[in-house]
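See the structures that follow.
Two complexes come next, and they have one chain in common, chain A, joined by chain B in the first and chain C in the second.
Presenting the complex of A and B:
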């Protein structure tokens, strides 16, 4: 179920937070509103951790992770690294990597099985991604943009990509990632999908500028609507009721 | 906060000191003082500049490979905080630094010991070959200075004593 929120009056949720199936990272904001929304949704399911990376708040674009691991840029300080290691569960491997392209969130998009990376990423980094995150790595571009991490957002159940992606590209990516993909926008027509929203297998958070149409597209492609009890009852009604009196 | 190493001379850069230069290929160069920074700008190679650690390690003047250096390596995969481990580490740090300093001093004394034996060899060779350079008087003294063991019988010494008195 998708929520609409803001970080200090800014609708770019994917910049200030990182949501995976095993944990959620949130930036340290001036007020607790941002953090409290995540907490109310997720606190009893997964750990919600407040952190900074290299002293900055743009954590969503600097780090990349899934339920198996978390990759951090070389600008992460030792204290932040230790804080993350202490707060995250032991199954999640926390690793800092030395990579020229330090905004890992913009260069790498991943779910629990597959990752798409920037075509200029180092070979060593690619191997580390495959090792730490436990994914298959593909070097791809999306609608001609090399920053795959920013222009697409996908989970294990579906994905949303840049609106100008051609149908052939969409089909190719869909076969690579093995999930249904849709080309759409977020935050009233913003093309930078991953910066505007953050998603995992059962929830999504979008900027408050997101229109109802965009929200319905997001809910349908990431299959978030099924969690509502009404849908389940409708499906089961036919099998439950024999005949109407 | 992290104590970094100067790129040029390899000394530690403490907070509030030095300059950090970021090149266009995103490589960061840290310098401890303007001396190192200016040498870098002159495009000098630290491996050829005698007072840097890079030169000294390359030419075998300072200890390079030791297990104590492994403790200071930068680690990218942290471990969960454990109070006991932290306590033991804090106790161990001054011990490790002491041992490292001792080993470094030992390395230098060992290096200089070879000089002493070489000096002895040179002196022995000079004695052997160039002995005619010394004046005859001194040579006689040196060659005739052999130990002769004289057996003195008990009777003789007593006679001498009697004579004196």
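Presenting the complex of A and C:
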């Protein structure tokens, strides 16, 4: 089910966190609220790691990963690299890559099987991605935007793309990714999907501005409702209540 | 790439697949819609976003009831009719600043009817503004203006002191007759130059025009420079001054003096002037006065135009004026040369044998003279001319001329027709001139009436002069005299007359003139 949270009063969750099927990275905030939400959801299942990349908190947009590996930009310091290697499970390969486009999270979107990349990415990087993450790499654009990592978010079960994507593009991407895709918005009409939410196979976290409609779309396309049928009533209540007065 | 979804190339050679825009759900209400920059359906947008927040709903505007004008702060008053585009402009200018500050643009405005006595003006504006990620929304917004009455500065000043004038044009001509002023009066009427004058007063030797602003007076003076040879002097008198704002109020006076040479004046040129003008004979006739004086030498048929400035250098006076014209009877005409056209008028040199009308029948005094009116005169006609034989002149130049050249005894000036008091089918309008009661001499009224009659007769004769002014049809004209009028008496053809439309208001007239009164001296 999808949760609505804020990072220090900002609704752009996907900027400050990275959620995969094997681990979760969270930025270091002033208070522990952000971290505690993730922990309450995921603590038993996957490790939730507090980190920074290159001294910044925008970790969601700088790194990219799936259950097989994690790719970090060249701005990552050695201490951070070591910290991540220590905290993450052993089967996750943590690799720092040298790439001119260092905001990897904006340039690459991936799940456990397929990755979409920025059309201008280096060939070497592409090979590394295929190697480390164990995915098939496709160079694509979404609704004419080259920053595929920002404008779409997909998991192994479904995906959400930029609202202006045409039907032909949607079909094409869907065929490539082999998951159902839908065009929609997050955070009350924001088009930057991946910055506004973060998702894995059984949970999703959205910014608190997300309306009930958007939340229902997210839950339906990522098939989150079926994941925990026992709590379905609670889920629907959460998504039906728009805001707490 | 799904099969069948690609469209054939449009001739560019490049493969361009069709792009069908998909639908998304409105993030607020969940209705399926085409994606837009806000990703909200139009109803949600309009419901949630009010772009007219902060736009004023009431404003005030100041109106002067006397001159029906509206105040444009800080100081200008603009005339605008009710619900006119000028009024719309004034009202919208009041709203410009707040709209610009809120970054709202105006895409349309229209008036909503309100009773004129309600002192409210209502506008319906259509505002456009960009909200939320670049969506532009349009919304209507009513604005109500309260009209406050206040007299504008000009009306206030006029009301407190209606006779207060700021500039005066004193028009003078130092000649004993008033022909020039009669003609100028008609010119003013035709060109509407005296419409701005507060009042017109007659003074000894001329007219005074009073104006409420210096620029109006200057406009009249500029007009006069083009129609008459004048010399202007200006003076100003300080009335009051505001020490704080350094604003000085003056009364301006324009002294305009018209050259004393009139039409049909006989002038004797001094030898120096005669030489300067290229050997123009010592006796010249003035035939036309516009902004330059036209001098005709009747014996050589040469015309010279003398400008005002040059005239001031010589400053000669007329030896004989039209008051001193004497009637002659033409006994015989002998044409000397063919008819020629000089400066737009026809002349013909001829030898004429004339006798004074007073001498005719009594004695045998006859004069054989050269005249320029050969084309007009026939034996038996009456002509008017200057009697140099019998005149007693007090003119140095004339004495010099008499000594050096042999002057003719008579200079014929114009043909005369039988004096017959008859009704005319046309009439003229008059300027409302205040008469100066204190300065009236005895018998002046009669003199004025005579001069006016003479002026009207002149108009009949002279088509060029008629061209410059407006003549109106007289409805009261009875044409019973038609049969008795001689063939050669000039009269005004009916095509030149304007139909005088009287709506009970004397100042209104609508022209239906066939004659193009386009030859304005402007």
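The criterion applied here is as follows: the second predicted complex is superposed on the first by the 228 of 245 C-alpha atoms of A that agree within 3 Å, B and C clash if a C-alpha of one lies under 4 Å from a C-alpha of the other, contacts with A are read in each partner's own complex, and residues count from 1 in each chain.
Following the convention adopted for this analysis, a contact is a pair of C-beta atoms (placed from the backbone, for glycine too) under 8 Å apart; a residue touches a chain by one contact, two chains touch by 3 or more.
Keep in mind that this is a model prediction, so the values were computed, not measured.
Novice: With the two structures overlaid on chain A, would chain B and chain C clash, or do they fit side by side?
Specialist: Fit: chain B and chain C sit side by side once superposed on chain A.
Novice: Of the partners chain B and chain C, which touch A:95 in the superposed model: first, second, both, neither?
Specialist: So A:95 only meets chain B here.
Novice: Pick one for A:86: touches chain B only (first), chain C only (second), both, or neither.
Specialist: Touch partner of A:86: chain B, not chain C.
Novice: Between chain B (first) and chain C (second), which, if any, makes contact with A:78: first, second, both or neither?
Specialist: Only chain B; A:78 stays clear of chain C.
Novice: Who touches more of chain A, chain B or chain C?
Specialist: Greater contact footprint in residues on chain A: C.
Novice: With the superposition applied, I'd like the minimum CA-CA separation between chain B and chain C in Å.
Specialist: In the combined three-chain model, chain B comes within 30 Å of chain C at the C-alpha level.
Novice: Using the touch rule from the top, collect the residues of chain A that touch chain B in their complex.
Specialist: Going by the criterion above, the answer is residues 77-78, 81-82, 85-86, 90, 93-98, 100, 102.
Novice: Per the contact definition, I'd like the list of chain B residues that touch chain A in the complex.
Specialist: Residues of chain B touching chain A: 1-2, 25-26, 76-81.
Novice: Note which residues of chain A are touching chain C in the complex, please.
Specialist: Against chain C, chain A makes touches at 163-172, 175, 183-185, 188-191, 211-214, 216-217.
Novice: Show which residues of chain C lie in contact with chain A when the two form their complex.
Specialist: 1-2, 5, 17-30, 35, 38-40, 132-133
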